[in-house]
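Listed below are the structures to be examined.
Common to both upcoming complexes is chain A, partnered first by chain B, then by chain C.
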Partner chain A sequence: MSKRRLKESCGVSAECISQVQQLLRERFCHHSSAPDKLFGLEQQYRYLLELLKRTTLQGESNSALLIGPRGSGKSTVLNRALKNLKETKQVKETLLEVHLNGKWSSIAQFHVWFQQFRLLQTNDKVALKEITRQLQLENVVGDKVFGSFAENLAFLLEALRKGDRSSSRPVLFVLDEFDLFVHHKNQTLLYNLLDVSQSAQTPVTVLGLTCRQDILELLEKRVKSRFSHRQIYLLNSFDFKQYMKIFKEKLSLPAEFPDESFAQKWNDNVQHLSEDKAVQDVLQNLFHHTKDLRSLHVLLMLAVSTVTVQQPLLTAAQLQEASRHHRNDSRANIVHGLSVLEICLIIAMKHLNEVYDGAPFNFQMVYNEFQKFIQRKAHSMYNFEKPVVMKAFEHLLQLELVKPLERPCARAQREYLLMRLLLDNKQIMDALQLYPNCPTDVKQWAASSLSWL
Partner chain B sequence: TPRNATPEIPRRSHAAQKPASVLEEARLRLHVSAVPESLPCREEEFQDIYNFVESKLIDGTGGCMYISGVPGTGKTATVHEVIRCLQQAAESDELPPFQFVEINGMKLTDPHQAYVQILEFLTGQKVTATHAAVLLAKLFSTPGPKRKTTVLIVDELDLLWTRKQNVMYNLFDWPTQKHSKLIILAIANTMDLPERIMMNRVASRLGLTRMSFQPYTYKQLQQIISSRLKGVKAFEEDAIQLVSRKVAALSGDARRCLDICRRATEICEFARQKGAPDMVRMAHVTEAIEEMFSSPHINAIRNASLHEQIFLKAILAEFRRAGVEEATVQQVYQQHVALCRIEGIPSPTVSDTMAVCSRLGACRLLLLEANDKYLHMRVRLNLSQDDVLFALREQ
Partner chain C sequence: MPNLEHPAYPAAALLHLESLVPCRESQVSLLLSIFGERQHWSFPSIFIYGHTSSGKTYVMQTLLNTLQLPHVFVNCVEYFTSRLLLEEILIQLQSCSSETELTSHVPCDSFNDFVRLFKQAVVSGGLQDQTLYIVLDRAEQLREMEANILPAFLRLQELTDSNVTVVLLSEIVWELFRPNVGCMDPLTLYFPDYSIGHLQKILSQNHPPEYSADFYAAYINILLGVFYMVCRDLKELRHLAALNFSKYCEPVIRGEANERDTRKLWKNIEPHLKKAMQTVYLREISSSQWERLQHDDGEPGQLKGLSAHTHVELPYYSKFLLIAAYLASYNPVRTDKRFFLKHHGKIRKTNFMKKHEKTSNHLLGPKPFPLDRLLAILYSIVDNRVAPTANIFSQITSLVTLQLLSMVGQNDQLDGPRYKCTVSLDFIRAIAR
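Here is the complex of A and B:
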């Protein structure tokens, strides 16, 4: 649709809608773009801010771990604290930052967060080069680090040893996915960083971010002794009332939105939505499954994408639709796309599972079960040749609805490979209910497993 | 490496702040890095090591000493103190002059790099590991009339282990040679390291001069804190005692003790902003101890979402039914659906349950198999059933 036609169709301009879309998309997709508000994380934020302040201003060495489930706002809190801290010029000139990630971080996070490259630090060698590069030590030429692994380590340690508390710039090491650093050989990098933080050298602060609760048990004893056991836990410790508040906050437009009257209308609508019973049900359902705010973002994102010029305000129906998309059972969707023969095979497997109490089966058993069904039925419209049935079975295998117990080797015949069905009974029955044009006798056969024996 | 690169961290443009209050002063002194001139409670060990090195220095012979103890008992600090005292004595001509070299197994990328570092300390040459080994062997085996004694500290000795143990063998073989004048102080954590991982010929060269550092008792820990806080009135006596008793009961690690005290001053400072007096009390210390030692699992479960909690309950139910502490997701899912029916909540789809399961697995409340088995993936609890019950009940 062209822009002009859009404008004519409704009172709200297309630009306005696109601004809303852009603003909210940025909010939901870039978790890092400094959030307006921290929900229930004030205490952790203050702790972290104090810690970083002492590091930069007094040159105190520290180490701490931020622990919390995925999506609980670990990086958000850290970014917020760093942003706040760097507002003063003095700090900005003082603090050196090194960001390391245990694994590849997505391109999107890459640019927005620190305009610095974060690379795959899969072993200490790469991590060390990255540290040297980010610190811009003197063995860095351009963007390349020279020297062997051993030389790099010696060089870095020497550099850190020469510094002291009051005269050198403090260094902040942020180790994202901290648990992956634990698996490096001998935990050399962790030992050295923590050792520097515990000795009178360059002031460093080591911050680890992880979602594992048992992280301390993974550290070697001497590494653990050097870690100062400051653990900051981020648990989504809000209840549903606060969750509703977060929902409102996330969906509202800010005061500096250009079209004020529309922003007012939008925010009123959000307020109205939050009191709607249907919306509350949708949110309650999501809240019961996960308190992760990222899931909420995905849901809202799906809903906001459906906002158009024709329908500029979000409705409860749109949210419900989004929730349906969000909470779809993926396996059931696959079953909907199968042919009747494949469905029949799945039902045969389900019966085998029920009769033999979940024991593994092979193609021959499934085929026999299927044959029994056809023989009982007078008109055998599903009387396919065995190769055709085999083909259908292999299709199920490709979709991973069926999985062999062990890797298939060349010697074993395909008919006699032991398999398991990767579907639950409930899933099969639910899918059958929704299956378009399901033959009645197949439905009956599915419902009654034992009567056919 | 570019030639003549100087390893250095940039200097700061603004001077670091000086401690402004009593608590900040205390925090500065309590930092682990603020090692005192002489370590309290380690006088005996200090004397033993000092005598050992001194006698070897005077005789002009070589020798080895093996020092062991759990982390945080002051091994490295004591050895450094010994070296410092010896250097002072050598400067005032009471002892013959000596060289001092230190390597740390953890700071090497490979055991063979030890040769490179030692050679660089001694002669300033930078060569490859194999070449360095040859040069060092030559250096220690040929008589040099004017050679000074070398004191070599090998920290984290167990990291120098290789399959053939040639690094350890060489290190302990050099002092036995007539002209080497090499004194080695080897430091590691375990007491029986020579018997456990070393070959006989290596262990025999290490010799029997051994010393083990015992974990600190609560009185010693108390003394350590008090000595650091001398002249600063920031802590109540009882608070110090509580920290020392707690830490001594757990590990006897002095680092832990100092960290807790430091955290306690922060908590106290925070409370002071609300107008409380200026002294670390029992309450602050208790809070710090809680923070550092408490198990996070219970809290994690209490803050989990409803279906995550039901999933844990379903696991318990399934364990009780089967009598085995392991179940497949499918079995747990059936229990989960049943529990939802009892509670009157709409039961989740399999996809949702799998998501719940993997979330719990990511926090390591559960131990999971590889994900590709889908419904047949086996699940196990990573904490005791009692803990789960306790966490779920109190609501």
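Here is the complex of A and C:
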């Protein structure tokens, strides 16, 4: 250990590192912890906040869709807006009222209802039960919750209808994974929710979160006509310069960190890192691969988790290591672990693919090709029996490197089932380069397919 | 190799852990750093893939047990429906929070209920301030369940809003798991295969006490020399090593060789091991039979394997029927006249036989044929006169139920059914003899 590092490690206590980890891990992994800053989403955020304010304060009924690819910050924006909303005085007061008279009859509450729909509520019946539960109607409904779907729906609609714009408090419905909701039968729940939001009943705001761009085409006509067509797009529309800024921002320690001198040192280091060429390369790679911030989180999390007392500051090497873990070809990894016999079978399949132009093959053909190789050229191999080769082939099948065209049934013979190889040429050749102790004649065989015919 | 170290866990436990997991130090230290301290948040989901017996389950289990982290370990093959799986997780959760209390069965129909009950269990078990691990072994089974199960497990941390990490173990790469609407991608980790050096180290770790370590290591070396080309599965190799060791020791016991005579020992064992590849490795001969054989000093391979028993005793006409079916399946229709008719006219000297050699049916598999053709071939190959009695037809259907023939396109039972012959050439040869 160098002298400089020794000095550093003396200055940093274990708790300090622990706190850094705690803080950053929570930032990267714990999704509902609201972030301090939104990146490039301010406009959408303001729009959404305005919309929610109009619902809560003025009792407007609205519907909107948040559309954006995975990891683009849909939930983050929404969470942030709700948090902000709850901090405003008026909403807080109504929330207080709830606790005083928990009576439901006029829906005297502003109810934030945030659920991962469809992932959990796989059909309308489950969803409806969940609505009743979340609106805390169970005590009123009693056994009715377990009644039929129609009864339940009628009851809920009745409850929503009883209210009117002036007296009752608005209800916010957040439908996460909105696109999966569309596949429910007749889109009943969607229809009813949107219908309530269109008519002068209890003020209801329906917010859908989805990652599908063609979501409106999936809606039924009657449902579509009741939707307000207000769409908020969240696209990762930032360039690499901003990406670097986000990187810095995400990794920096906040001002309220207890050990100020360490926080200062850490932040300086982050600044230093962001100017490092190696770090920029790593980030550029990731940026070209995907712009979504979730993969940046994963990368940073991997790097941060290797920070120890001995090495309290992040280095470029750690980031590079994390990036190496983050992006390696999984199929090449699997091929690397195969035995020589299995590799030979894969090469035989590759040749079959080349000669017969991607036509499906069966075990018998592969075995034939392999036999040709053994008889003509292989010096390093002795002749394996057919059942041994079959066992190797079935191992490939089990790893799903080879896929049968149709489901194997008991009647068909195993050697005549038609298969397809799920690896492409380049992957095979790259994997062969990395393969440890590959016999030379196997390598040569792989390189030349036509000379074997 | 780096020694394992982590400030949150006692050094003794880590040292113990290191001795338990040979050749997996870097993976374990990576996992340790990802897990962090107990109260730290960790990744919502980690996907670990690697080959059969690359220590995925073992490492995970020893890691969690040694460090006494609260965890739930479920095998998805064992709990094959979502309901069974979710209920099992809840039951294990109860038992890992309170050791003394009796666990009660919680009915849990849907993932919605699961999330609610899960939150309750975490709060009542006092597990809020530490990371809970849910390990799902053989996770490829999750794809067979309802479509929402896998994505929901991947974002369980977000759904339940509690500190939980889901670990998926599988042999199959992540790309084949991803549903088409997408999901929250887990962190994927690879457990690399053991190299030949690693295998040697692991296999020769617990050698039999009556022999020296070098002696056993030499044996493992020979074993790997024979089997490494074909098999890298640690479990299989260990099994083979255990089975054949007594044979290896024989010359030493008999006094023909001492422990230093590597060459003599190798000469003794090598043909034996090659024999084992054809028999025990394929499970033609069961392990107990193999051991008995070695004990009685029998010649290995004299015992009939499983596949030798496929020869079935069939009635006279059934044999001919099967041969006729095989001929019909593997021969093209236009050669029928030449082969089976007595006066077939001129033999045209064309090169059509050559063309057929290229796409031989023995490569492509059997072709279906109609019943009429089967009967025509049958009449021509049986010398005496065969009456088309009910018996003949019932024998055809009984061959189908024996799965020696199979019916193709089950649309019509009586009117012109088509069959395929599904037996191998060796089988037919044995019958024809």
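FYI, the second predicted complex is superposed on the first by the 400 of 453 C-alpha atoms of A that agree within 3 Å, B and C clash if a C-alpha of one lies under 4 Å from a C-alpha of the other, contacts with A are read in each partner's own complex, and residues count from 1 in each chain.
What we mean here is this: contacts are C-beta pairs under 8 Å (C-beta built on N, C-alpha and C of every residue); 3 or more make two chains touch, one makes a residue touch a chain.
Just so we're clear, the structure is a prediction, and the values are computed from it rather than from any experiment.
Chemist: What is the contact status of A:60 with respect to chain B (first) and chain C (second): first, second, both, or neither?
Modeler: Only chain B; A:60 stays clear of chain C.
Chemist: If we overlay the two complexes on their shared chain A, which of chain B and chain C does A:277 touch? Say first, second, both or neither.
Modeler: It touches nothing on chain B or chain C.
Chemist: Tell me which partner A:21 touches in the superposition: chain B (first), chain C (second), both or neither.
Modeler: Touch partner of A:21: chain C, not chain B.
Chemist: Which partner does A:241 reach: the first (chain B), the second (chain C), both, or neither?
Modeler: neither
Chemist: According to the stated criteria, A:130 is in contact with first (chain B), second (chain C), both, or neither; which is it?
Modeler: second
Chemist: Once the shared chain is lined up, is A:70 touching chain B (first), chain C (second), both, or neither of them?
Modeler: A:70: touches chain B and chain C.
Chemist: Residues of chain A touched: more by chain B or chain C?
Modeler: Between chain B and chain C, B touches the greater number of residues in chain A.
Chemist: After lining up the shared chain so the two structures overlap, which partner does A:331 touch, if you call chain B first and chain C second: first, second, both or neither?
Modeler: A:331 contacts both chain B and chain C.
Chemist: Between chain B (first) and chain C (second), which, if any, makes contact with A:385: first, second, both or neither?
Modeler: In the superposed model, A:385 contacts chain C only, not chain B.
Chemist: Does the superposition put A:407 against chain B (first), chain C (second), both, or neither?
Modeler: Touch status of A:407: no partner.
Chemist: Jot down the residues of chain A that show up as touching in both complexes, chain B in one and chain C in the other.
Modeler: In chain A, positions 70, 211-212, 328, 330-331, 400 sit in both the chain B and chain C interfaces.
Chemist: State the interface residues of chain A toward chain B in the complex, per the touch definition above.
Modeler: Result: residues 50, 57-61, 67, 69-70, 90, 93-94, 96, 124-125, 135, 137-139, 141, 146-147, 149-151, 153-160, 162-163, 165-171, 186, 188, 191-192, 195, 198-202, 211-214, 221-222, 224-226, 228-231, 233, 235-237, 285, 287-292, 327-332, 400, 403, 420, 422-424, 426-427 of chain A touch chain B.
Chemist: Per the contact definition, I'd like the list of chain B residues that touch chain A in the complex.
Modeler: Residues 1-2, 5-17, 19, 24, 27-28, 31-35, 70-72, 106-110, 113, 116-117, 156, 159, 189, 253, 255-256, 259-260, 262-263, 266, 270, 291-293, 296-297, 299-300, 303-308, 330, 333-334, 337, 345-346, 348-352, 355-356, 359, 362-365, 373-376, 382 of chain B touch chain A in their complex.
Chemist: List the residues on chain C that touch chain A in their complex, please.
Modeler: It comes out as residues 5, 7-8, 30, 33-34, 36-37, 39-44, 49-52, 54, 110-112, 115, 146, 148, 151-152, 155, 157-159, 161, 163, 171-176, 181-185, 187-190, 192-193, 195-196, 228-232, 277-278, 281-282, 284, 307, 362-366, 403, 406, 422, 424.
Chemist: If we count contacts the way the header does, which residues on chain A are in touch with chain C in the complex?
Modeler: Its residues touching chain C are 14, 17-18, 21-22, 25-26, 29-32, 70-71, 75, 116, 118-122, 126, 129-130, 179-180, 211-212, 294-295, 298, 301-302, 305-306, 308-309, 325-326, 328, 330-331, 333-334, 336-341, 362, 364-365, 368, 381, 384-385, 387-388, 391-392, 395, 398-400, 410-413, 415-416, 436-437.
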